[in-house]
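You will see chain A twice below: alongside chain B first, and alongside chain C after that.
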Partner chain A sequence: MKKIKIAFKPWMGFVLFGIALALIPLLAEYTTFVKSSTIITIGGTVIFAIAALGLNILLGYSGLISLGTAGFMGLAAYLSAYMTVDLGLPFEVSLIVAVLVPTLIGVLVGLISLKIEGMYLAIATLAVSEILRKTFEEFEFITNGFSGKSARFPQLLGFIQLDRASTYYLIVVVLVIAMLLTYNMMNGQVGRAFNAMRGSESAASAMGVYSLKYRLIAFALATILASLAGVMYVHFIRFAYPSTWNLKLSLDFLAMIVIGGLRSIYGTVLGAFIVFAIPDLFLKQIPFFNQLSYVLNGVLIIEVIMFYPSGLINIGFDIKRLWLKLRKGIHDAGK
Partner chain B sequence: MMLENNELLKIEALSIQFGGLKAVDQLSFTIHEKEIFGLIGPNGAGKTTVFNCITQFYKPNHGNIYFRNIKDEVINLVDLKVHQVIRQGVVRTFQNVELIRELSILDNVLIGAHIDYKTGVISQALRLPKAVKEEAIYKAKAEEILKKLGIYERKDMLVFGQPYGILKKVELARTFMSDPKLVILDEPAAGLNDVETLQLAKTIRQIRDDFNCSVLLVEHDMRLVMDVCDTICAINFGKFLAQGTAKDIQKNPLVQEAYLGKEEHDE
Partner chain C sequence: MSIFIQIFLRSLETGSVYALAALGIILVFRTSNITNFSQGALGMFNTFVVVSIFNNFGVPLWVAIIGGLISALLIGMMIDLVIIRHTKKVSPVAKQIITLGLIMILVRLAPIFFGVDPLNLPRLIPEGNLTLVGANISYNGLFNILFGLMVMGGLFYILQYTKVGLAIRTTASNEYTARLMGVPTKTVTLGAWAVGSMLGVISGVMIAPTTTVTLNLMDVVQINAFVAAVLGGFQTFYGPVVGAYIIGVVSNLLLFYVSPVWGGQILYVLILLFLTVRPYGLFGKKVVKKV
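And then the complex of A and B:
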């Protein structure tokens, strides 16, 4: 049953998607209705998508909840800012340390997840996140407390100084790589093990999936992506306040993956745009909505859970199905 | 040596208690290599519980479960954790099918090869040649098994929404991915019609020959048990009643009273 295969591989899709994302700021420059601040919003969205992708690995694939994404992201942001600005370390070194430290803590949370599940795991991760946020407020010599910590655009290899636009491209590259690697992992043995853990614990253990190991891997992957996002954030926005890394941000990540689609890689990015970019770009202008963006998220989540439990990313399929049905109806009626 | 030459699994004085209830009580039986062994008994007799004890989903209160593993060593399964059992060559299905609904049939079957993968997360993430090759090998193996069970055409469909008979087959296919020495089937014919049950009997025998393994099965459907099993062990209230060939068991008055008799009255 060998069909002629179209040589289109999944990685090409991710690359094309990345190129499209990279073009957005250019479009912004040549159209009048989008302001130059757009690139900050879009860049922020792409950064959030990276962290949300990690949460999707954790919740979507592995069925483990976390409300700690914001805390880990913030920790990485401060670490990288501190190491590049105060210690004068190269960007690459800061990046590695700023990803490793939160990931170690994330793995410890993974250990906790063996003992507590569901609601209680959500609360435990929230507690970790809140402790981190309090730490950001208190450890002023690293975080500069409430005044906020500033950082610079990344300098690659010690001599390539990036500006806003090139940092944006770097962020898009990181997202595309994250999407590609996530896709590869989730469509192989590791991803199936995650799915088994979520879908049937009995089947997973009978088939030899060692749940401790895979829980730790899931938490590690989620924290790596959250930390990468944190590092990108602080070197793109160039500022971090303790209040940024609060429960609302963690809930936003949850909203992104639920609205975009659990276990959907493109859906995660779509979710990030719906939850973050659209309100920021369009709805903020309307004063009423500015106050109510969180209500909008809540309503969207409920709508999606009720009507699109597999996420808005699947709306395309349904429109296509509806169209085919309609066409068939017209066809049948014609006969 | 705890096991004689051609003995594969020996259950010795197995007991497990839930609260005051003795679900399995001093039960002993032995399964030989390449044997199709049936465990029968009325509802609530403790059959599933025996399976759960063998596969370490439950830790028995007493008793030993000796098993000649794939390395030909004799081990006591009781010493293992649940996820380690499959590595010894024991794999099972579940009375209430345990599959991952959101995955395709092929992916569900591939989970059965989980322990055989040698490449790690990083090789898989980077799609290194060895990871790609490994995945292709197990995919081919899974497709082969699906063909044998006659559900190859459905391999890319989601498990969600498949008819019950197909789900039972997918679970069966999954067990064979790990090249087991002992396959444990909990009511494999439940929910199947007569034609499917007959076909299943054939499949189980064919599979024993193809994969060179022993089969331990629990079944309510007496026709299947009588038809396919070399040896049958009957239990009631967690206790041993009788053991023998299908004919012996059918003639046994204890079994008739506990199980067959009752069934006839029901009909």
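And then the complex of A and C:
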């Protein structure tokens, strides 16, 4: 008899992961275990995971660093809010424009990155982000200044008005597409070029990798994902303040990918949950530590880095190794 | 002309605040290879300590400041002893995330200890103005400029002409070799964190009277100190200090003469353009990499 075997393709994993994420609001409706405020927390986390995925392409694969993610995300958020609310443009049009404009600036930063590297590049991108943040404060015509800009849930194709739950599904779909594209690109020609560049720029150039082109691609991809996250953020949370898009948020993105694991797609999402969702979902439930939840999260982040410098996603291997060791021990004792 | 001198003197005051913070960052960076994003948070937390000692115990301000310096010293040493010392295998990027964790802890602990209301810190020298060629500067401002220069002069003297300074410079140049030569690199790193943290509280106390003491007290200082470090170059101890004074002066001149709204952004754009010409800052040299 012939066994029917279905080859497990990586894309199936991403889709299954997306379905599992999408089931959370349903759980919230039918059980008392998951509260409805949880959806906002998890939705926000998924949005941040999208932006962090972009940073993972940049830092993990191509080895370039950026502390400007928050600025680009904010720019996209304000543009989309302005175009849908003030100009009354359709969601799709504003999405495209809100992704294109930051991407152009991101490519410009990519040009700068040819000259500057390492810590200098990190601070240079931080300066770009600060320029954007100050502009959000002053350019009240679009951003509404310190009082914050409000937006609505997205309206697809002009007649499908989404509510909170369906916007959440949209976000999950965007995350799954982003994961798929990242996986495919990073295992294709672009990914190989990035890997070569990360190892040694000069060696990569000698092998015929045109570093300007791939640096621009890396920055463009990172900015596209950050802008997508920004658009999703403003239409899901429906509010944006200039103070949101500060250095702390950019560092949070960095924390997510380092904690989860560089060059790990699931690790990025795991990192996003640790940085954003853990205080709200778990730590706040502990009665005495209510106030201390974010302090504990800071401690947790430091602990993870001290004990898992290469990313928490590797914890799986360690558990497996420990299990094998234990089983061997039991086996030996049995003899 | 008198307006120009006035602006220049004010800029020196803000410049010395940035310079102290930048010096703290570069000390830690050179000795333990960590980009310390928590410099501002440390300064903020310890400035809160100063304010709460001043408000609750009715002691003179300078006593409260000494209290703040001691708490900064202890916190700085504790960070190194508990965390940084055990992160030898961690990559530089991951080390930055440790300082992010420190920010989260400090920023969330501050409201628990000191309450959520914005507090006020008076000037060290309450009143009095000095008139210089038609320009006014408060005695307090003058004191800040001179005190900042004194602290930095003292530190640079120690760095350049004493045995301790030699130990710091060898650690900065190559930690592994320094350890082989018998330099107690662990103590050097411990000292760098302690001094960096104390420089943070000094800059915090200097900037506090111009605004209120809140959680965001040091945000601007932190970012400008970093940009100053890039402008001056990470490879020398004096580069970031010079960069900080340049940023202080040029930003105030731009804000006054060009545009009060866009001055800050123009300054950053100019610095970015400057970096494309000199990628390693004013005093940095190109690092040659092996292929």
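Keep in mind that, in the parts below, the second predicted complex is superposed on the first by the 301 of 335 C-alpha atoms of A that agree within 3 Å, B and C clash if a C-alpha of one lies under 4 Å from a C-alpha of the other, contacts with A are read in each partner's own complex, and residues count from 1 in each chain.
What we mean here is this: a contact is a pair of C-beta atoms (placed from the backbone, for glycine too) under 8 Å apart; a residue touches a chain by one contact, two chains touch by 3 or more.
Worth saying up front: this structure is predicted, and the values here are computed from it rather than measured.
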Chain B versus chain C, judged by how many residues of chain A each one touches: C
Touched partner set for A:309, first chain B, second chain C, both or neither: second
Which superposed partner A:295 touches (first chain B, second chain C, both, neither): second
Chain B versus chain C as contact partner of A:248, first or second or both or neither: second
Which of chain B and chain C A:203 touches, first, second, both or neither: both
Which superposed partner A:122 touches (first chain B, second chain C, both, neither): second
Touched partner set for A:185, first chain B, second chain C, both or neither: first
Residues of chain A at both interfaces, chain B in one complex, chain C in the other: 200, 202-203, 206
Chain A residues within the chain C interface of the complex: 59, 65, 112, 115-117, 119-120, 122-124, 126-128, 130-131, 134-135, 138, 200, 202-203, 206, 246-248, 251-252, 254-255, 258-259, 291-292, 294-295, 297-299, 301-302, 305-306, 309
Footprint of chain B on chain A - complex, ascending: 181, 184-185, 188-190, 192-193, 195-196, 198-200, 202-211, 217, 263
Interfacial residue positions of chain C with respect to chain A in the complex: 35, 37, 83, 86-87, 89-91, 93-98, 100-105, 107-109, 112, 219, 222-223, 226-227, 229-230, 234, 261-262, 264-265, 268-269, 271-272, 275-276, 279-281, 289, 291
Complex contact set, residues of chain B against chain A: 55, 57, 82-87, 91-92, 94, 98-103, 107, 110-115, 117, 119, 121, 124-127, 131, 135, 174, 178
